[in-house]
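What follows is chain A paired twice: with chain B in the first complex and chain C in the second.
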Partner chain A sequence: MKITREEKTAYKMILPYIILIMLMIVILLVSNVITSFVNEEGTFTFNNYINCFQDEIVGQAFVNTGFWVLGSVLGQVLLGFLAAILLNQIKKGQVIYRSIILILPWATLDIVAGVMWKWMYNDMYGVINDLLMKMHLINDYIPWLASENLAMISIIIANVWKGFCLTGMFFLAGLQSIPKQLYEAAEIDGASSWKRFWHVTIPQLKPVIMTTLMLTIIWTINYFPLIYTMTGGGPGYATETVVTYIYKLGFKFLESNKAAALSNILFVVIFVIASVFLSRISKEEAA
Partner chain B sequence: MTRSNRQKFNKTIVYILLTFLSVIIAFPFIWLIITSFKTYPDIYAYPLLYLPVHPTLEHFEKISSMDFQNYFLNSVIVGVGTMFLSVAIALFPAYAFSRYSFRGKSNLLVSVMLFQMFPQVVFLVPIMKFFGNVGLLDTRFGLILVYALFTTPISIVFMRTFFLSIPKSLEEAAKIDGCNFSQAFFKVIIPITIPGIAAVGIYAFLFSWSELMYSMSFLVSKSKQTIPTFLSLFVGQYQTRWGPLFAGSVLATIPPLIVFMVLQRYFIAGLVSGSVKE
Partner chain C sequence: MKKALLVVLILCVLVSSLTMAKTLKIWIGGQVAELDQTWDDIISKYEKESGNEVEVQLFGFDVYYDKLLAALEAGFGPDLAFADLGGWVPTFAAKDWLVNLDSQIENWDGTDQIWPNLWPTVAYEGSLYGLPWYTDCRLLLYNKTMLKDAGFDNPPETWEEFCYVADKITDSSKRTYGYGVSGTKSEVTTLGYMMFLYAAGGELLTEDYSEPAFNTPEGLRALKFYTDLAKKWEVSPNALSYGEDDYRNMMAQGRVAMSVGGPWSFALIEQANPAIKGNYSVALHPYGAVPASVLGGWALVIPKSSENPEEAWGLAEYLTSYDTWMTWIEANGSPMPVRMDVCADAPTFDDEKWQVIFDTFPFAVCRPPIPVYPQVSEEIQMMVQNVLMDKMTPEEAIAVADTNVREILGK
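Our next item is the complex of A and B:
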């Protein structure tokens, strides 16, 4: 095997980073795997994993994470798409609308977004109850974050607000890179605007949509500050996701071995999701 | 309706929808600002007061007396540090991925993304152990290094697409003119990639500005802590002190907003050119 000069230059630029980050991953992962297979005295055991599978809260946390991801990603993708399509149609005032719609929520710190929504959801003094009452949509003050049935959906709404701007930005960038000739050609062929949307816009955006979906899903699984500040996983365990539970196990209950075991389980889940997406994406790029 | 009338009508609908969306999106933030200027009795007024009837700066004075400036400065140091480090680390790998063909390219690109796949919480304990061993725990530099681990993968992937959008002929022309590699790279390529570099830099800055979990666990000494940790002090299990919390929140949001407004031209341009495929 001969290494060309081009390859040599490329490897010189890339490998230091890859080796360093791989080394970091290996060190951290090995340390995590070791922690997950020992008990507090440091002897080998499977108990941490067994404990995870027997723990009812772990099961609930996975179910909650499913709802959390489904709701947040669906909301963020749909709202981001709508915002991108609207913003792509205008020229005048684009900077102002873009700043408010796509940038303001993103520039807001995670913890600020959390406390801000928590205050708006407050049952007594919250503005959401007050506005809904004034519009006669509800008759009673609703304890949004304190009710087991409503807490999750309430945080999901806050998360959609916080996160849709990123998907919106990706979609807007994608829309702006679709060649104008494609639309013109479709119009000459007599395609209605609806048909143009389905047969030009969507297929052209497909790669962007796939990448965005993958990133948002992974980010949402891992996203922690909103839940942490708004409910802390409560009431009960109604909004406990796997990530908040790992944090609780490690830093509140001081069961770092079990936390490590649960972390590894979660990593396997994320790895499977990411591989499915990556293999589809690379297949499409190759096609 | 004639064609141009219909187009005008459509435009109007688009503007109405955008305005409606803007109001809904901006409302929580406006509410935050209003609340930060209310006195405590007004914050807890019944029925709700929609405007600060007795505007006050007491909450801003309160956080200033709690050394908010210091937390702010720490956040700036960590944010700017993360920004420069991420860009510096990502620059060459991204360039190589965009310009050269070599064996194992796609696999290496996937392995760059590997770190992004790990839940950040997974690494919290091992990273703290590791940094404790090398004496970087409770240092701002240590936190910058940790953030760079999380920001560089995305930075490389984005910057790669920016480089892809620059025609190869530019470097070839520079070479014919007698530039060596580093001259061509720093005098020709970098200047045109500024939008892309700015976009990646903003992403890294914002990541570190906002990050809560690691900064909270990593920086123990008060003199080194960052804004998110400061704000979390006001969030109690049973009681939250909304006034100072919101005053701090308003001040904390100003820097990223300014950065965005100044650089937004670059930012969107960078994202757009970055998304254009080969």
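Our next item is the complex of A and C:
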């Protein structure tokens, strides 16, 4: 393979940036790996990793993270998809609708969103309880964030609200890039609107769906502020995810070596997820 | 000629740099960080007296711990810093981040005036690593109007009275409650349990902090009583949702008649509801066997990374002097000084609320000043939550917590 002159110039231009980013990331990653393999005194040990695997809370945190990711991603992708399809139909006032529906939740600060949802779920003054009572769906106020079974569902709902906008944006962009001729041709062939959706929209959107899925999964695994502000990982360990536990280990218990080990384990998990997706995406691109 | 001039110039620079005033960095966190005007006045007086410059940085409580921790870990801390008496000092000392202050404190003329029960909070392995600066103790805050409306002129003193009063005031259909049980996954839950544990005659850990001491009949009685308030007698809003800070506001707004608070609460209560002024007060928290309270507050520490530890100690001495404290109290009226002479002399403290605080303070115990305290506290929180969530009986929960704390302390 030969590199053209233009490409050479391009490489030179982006080189400083790449070096800077690499240094930042590589230094941090390496120091994290080193931290995870030493004890408080600085001698080499595997104990941090062994501790992580023996810690029951780590196991629970991984299970919780699984539910958290499954619920959040499913909700965000489905709701985002629905919003994108509906918004794609609107021809007048696109800007207003898009900014209200897609930008507003996403642009709300994480902490603000967390506090807002916490108040909405509140069991003495919360608007959600009030509305459900008025609709006669419940008999008494429900402590959404204070019950072990409901807390996870409650924060997932909040996260779906916070995150569906971004997936919606991706899907909307994808929908708009589908050539109109495909739909016209399908219509001429007598395809119903459902068939057009299934045989034109979905296959055309597939690359976007895959990328969106990958990104939302990774983001959701790493997403911290909403859980931290709403439940702090409680009640009990009901909403303790791996990242909230890493924070707790590092900043509350001052066990920075164990925290480093756990974040490396999480890094490997995310790396595997990302490579599975990327290999599938590149396979499809090649096909 | 030119050379000679240069030499003179260099000499001048050298001499001036030797005698140049030093710049001290002080980090202030917690509630007093909000009082920036008072800090300006006090610090500028110090600058005039000592000739040193002081760079003050104020931090809100929420971000302060993370900031300070990161700075100390990286070795870029300030010269003098505030540290919470809830276990920060021994934790930092165990990491070898703080300057040992044994000789300074021994030679200081104010040492005798510090409330004696504060010293364990700044000690680690027999040495002192901090100078307490202000303190507080937990008491019963009560809404006078709500108590009076229910027919009580005085706050309850014992657990029996307490239960009776709280039950009488509670009307869950109107969402008004007698007392607020802290049960969230945070430090306030540990503090709440400790108030009841010590009031039952129990102890959290043994005297040398080497083993848990709460798995006793007293500890169990406290746990049962504390959780029964929420579960059996239902005199509290949902305990798993709220902590003492929430209840303080509810007390101010007339939703909860009694809650836990202290000297730091007064300004916040009046901020939450200005109309409550004069209609609330404090009392010794009701007790089961002996009067009890848990103390808190802040100390001044000197990080090892400081380039001017001597000047930093000078500033700490100045801040903790009788004169500085008297000026401070005259300007602000709170928090509670660590100096007994100021507590006795300042006219502000003639108020009945302050007299209750000073009467209670000698009963106040500190949270175990050990580096693993955060882990121990987490186990206590889990213990209370396990009972509140009906996952375990009090007997099971206390046994589990006992095992886990034993393991944490044994490491």
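Here, the second predicted complex is superposed on the first by the 282 of 287 C-alpha atoms of A that agree within 3 Å, B and C clash if a C-alpha of one lies under 4 Å from a C-alpha of the other, contacts with A are read in each partner's own complex, and residues count from 1 in each chain.
One rule holds in what follows: contacts are C-beta pairs under 8 Å (C-beta built on N, C-alpha and C of every residue); 3 or more make two chains touch, one makes a residue touch a chain.
The structure presented is a predicted model; accordingly, all values stated were derived computationally and were not measured.
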Touching partner for A:Phe251 - first (chain B), second (chain C), both, neither: both
First (chain B), second (chain C), both or neither touched by A:Leu145: second
Contacts of A:Asp123 with chain B and chain C, given as first, second, both or neither: second
Partner chain(s) touched by A:Ile101 [first = chain B, second = chain C, both, neither]: first
Chain B versus chain C, judged by how many residues of chain A each one touches: B
Chain B versus chain C as contact partner of A:Thr231, first or second or both or neither: second
Touching both chain C and chain B, counted on chain A across the two superposed complexes: 124, 232, 251, 256
Chain A-facing residues of chain B, complex: 10-11, 14-15, 17-18, 21-22, 25-26, 28-29, 31-32, 35, 43-48, 89, 92-93, 95-97, 99-103, 106, 108, 110-127, 129-130, 149, 152-153, 156, 206, 209-213, 217, 227-228, 231-232, 234-235, 237, 240, 242, 245-246, 249, 252-253, 256-257, 260-261, 264, 268, 271-272, 274-277
Interfacial residue positions of chain C with respect to chain A in the complex: 65-66, 69, 73, 91, 95, 175, 184-186, 237-238, 240-241, 255, 371-372, 374-375, 378, 382, 385-386, 388-389, 391
In the complex, chain A residues that touch chain B: 4, 6-7, 9-11, 13-14, 17-18, 21-22, 24-25, 27-29, 31-32, 35, 82-83, 86-87, 89-90, 93, 95, 97-101, 103-113, 115-120, 124-125, 127, 130, 161, 169-170, 172-174, 176-177, 207-208, 218, 221-222, 224-225, 228-229, 232, 242-243, 246-247, 250-251, 256, 259-260, 263-264, 266-267, 270-271, 274, 278, 282
Chain A - residues contacting chain C, complex: 122-124, 143, 145-148, 231-237, 251-254, 256
